[in-house]
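Two complexes come next, and they have one chain in common, chain A, joined by chain B in the first and chain C in the second.
Then we have the complex of A and B:
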């Protein structure tokens, strides 16, 4: 399975077990995150450590998750790799998301 | 003298990675930096996926052709399909949509691909000829 989640304190950490978060899996990822939110998870951290490449569809799925939780919880990202960080800079999405250097930092820093 | 590589995939999103990896290989022959190669890969993936999702409405069984033309000064990439062409207003819309962190209604979940490509490539053009639509991207090379 491409995605897994675990609880760390009151956070739900979603691990993407793929090197590419692109159009071919963006919809499945969005559905996975929406299901978590629909099941009451309100503090979500996406672990991007394995993701070496992300396109605008992958980014769109993250924005959809953030939007769905907007005002009712937290949705942050951890361990973004250089090409992913670059995409966030290029699209100004670094202004929208909290980018943590690690999952540990994300679950400690809130 | 230029060197030309022509690739073709079937119109399925899962095939885009093969094109991306092949063109990354060609990029390794050039003076492009790792960051530039990542960005070129991003642009290529956006346009190939655009052809699959919009020209062919996500229907498998249609060709997407990528032609890479390389010389000492320029890398020229043409992505072609034989499906629905991109509407003029979409091609001409160069302005990036404004995003306000305070207003979730401005947080768009789609429609960023062409803006990213316009921002990163040195030159882009689009043409349709006898049912063949080609999106052409150019990247200048240092030499």
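Then we have the complex of A and C:
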């Protein structure tokens, strides 16, 4: 499995066990997150610690999750690595997502 | 059905042949495996083989092996004749791909029943072949359509040109037949030129169609529908929209649904061809590079901005650059810098900056070619994994 999730308090932490979040797995990732949301999960934290590269499709999948929640919950990102951080800077993702340096910080935040 | 009988004993062969012909089959005969192979190559209509086991030259088992490992252009149903109690032979025959067995001496009722089973398989096989042919044809049609769409895409691209003292040249290479990158430039009024380079997320048909649409919208400079220019009923009758406003209105017009994430990144700018003032606005696009030739430096123009379509009501900013005569601007898609070498290392912005610094004294075309050569040498592949596009402009009043 490329993705796994666990509950931490009322948060659902989704771990991406892949080094690339790109066109080849973006669709599968989107489906995975949509399923969680359809099953009533509303506080989602994506753990990006393993991801070394993300392309436009990967970024699109993250935003799709955010849009799917459509304001009825929280969708945050944690542990972005340098290349992914650069992409987030370039695309001003801090305007859309809460970006946390770690999962611990994300689940503490409320 | 066309049946080949392989049998060295003449009387046996004739008898089988007569019986099968009476049942309405077309029959060919061979005396041994070698002759059978020749006939199979020549007579493509043969679909069923009934072969004896022990024969001179090439026996039935060897014939079976040859038939299974040679590409004869169709599936052949293979019935082996065996001695009545020869179980080991049956196992060996099956292991080598025999479809059925018939004990000698041949019982003709059994023969006709076993043939019926064979014919059913061959008919199914024929249907499959037909469907496969249809699929191959369908794919060919799609590919032809794609190629003509790719030609249409090429026609949309602006030609290298000099407009009001501003010269433009570019490189455009989709990763597949069609790409999601696009660029354009044009005069908006007597002293203002607009230019852009954009990259729709993903590749292939949906991205390409979307990029066609965007090209249309951005090249519309007159009428109420124009996104780059506003018109009024009274003097001055129009105003050129600022880049940040153009991006904001594109963003409000093209919001994606969670299901289709067709968003895009873009750098859009205006240049005043009289004064050399450049205004530039970006939405998640790689920073355009300002090539300041007098100072011999190349500077990324940082901008940021959320890609277009991700969230409604985003605000965009623009920055202003004062060009000196001869200054250039290099706009590019991330396919340039994210191009990977064999070790998975990206070409990166710093190599691109070096490459542009090395080409300060070259003409536009040579710069375009130099960047292409550098990126190609880096990737060492004939094709690119992502669309690779860049646009270079120069102000020379």
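Everything that follows uses one rule, which is that the second predicted complex is superposed on the first by the 110 of 110 C-alpha atoms of A that agree within 3 Å, B and C clash if a C-alpha of one lies under 4 Å from a C-alpha of the other, contacts with A are read in each partner's own complex, and residues count from 1 in each chain.
Note that a residue touches a chain if its C-beta (ideal position, glycine included) is under 8 Å from a C-beta of that chain, and two chains touch if they have at least 3 such contacts.
Just so it is clear, the structure is predicted and the values come from calculations on it, not from any experiment.
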| item | value |
| --- | --- |
| Chain C versus chain B on the shared chain A, clash or fit after superposition | clash |
| Which of chain B and chain C A:64 touches, first, second, both or neither | both |
| Chain B versus chain C as contact partner of A:89, first or second or both or neither | second |
| Touching partner for A:23 - first (chain B), second (chain C), both, neither | both |
| Partner chain(s) touched by A:55 [first = chain B, second = chain C, both, neither] | both |
| Winner by number of chain A residues touched, once chain B and chain C are compared | B |
| First, second, both or neither for A:102, with chain B first and chain C second | neither |
| Which of chain B and chain C A:31 touches, first, second, both or neither | neither |
| Superposition clash, chain C versus chain B, among 200-208, 236-244, 272-280 or 290-298 | 200-208 |
| Touching both chain C and chain B, counted on chain A across the two superposed complexes | 23, 55-57, 59-61, 63-64, 67, 90-93, 95-96 |
| Chain B residues touching chain A - in the complex, by the definition given at the top | 13-14, 16-17, 20, 35, 38-39, 41-42, 45-46, 49, 52-53, 99, 101, 104, 107-110, 112-113, 116, 119-120 |
| Complex contact set, residues of chain C against chain A | 199, 201-203, 256-259, 261, 263, 265, 284-287, 304-307, 310-311, 314, 334, 338, 386 |
| Contact set on chain A toward chain B in their complex | 20, 22-24, 53, 55-57, 59-61, 63-64, 66-67, 70-71, 82-83, 86-87, 90-93, 95-96 |
| Residues of chain A that touch chain C when the two form their complex | 23, 30, 34, 55-57, 59-61, 63-65, 67-68, 89-93, 95-96 |
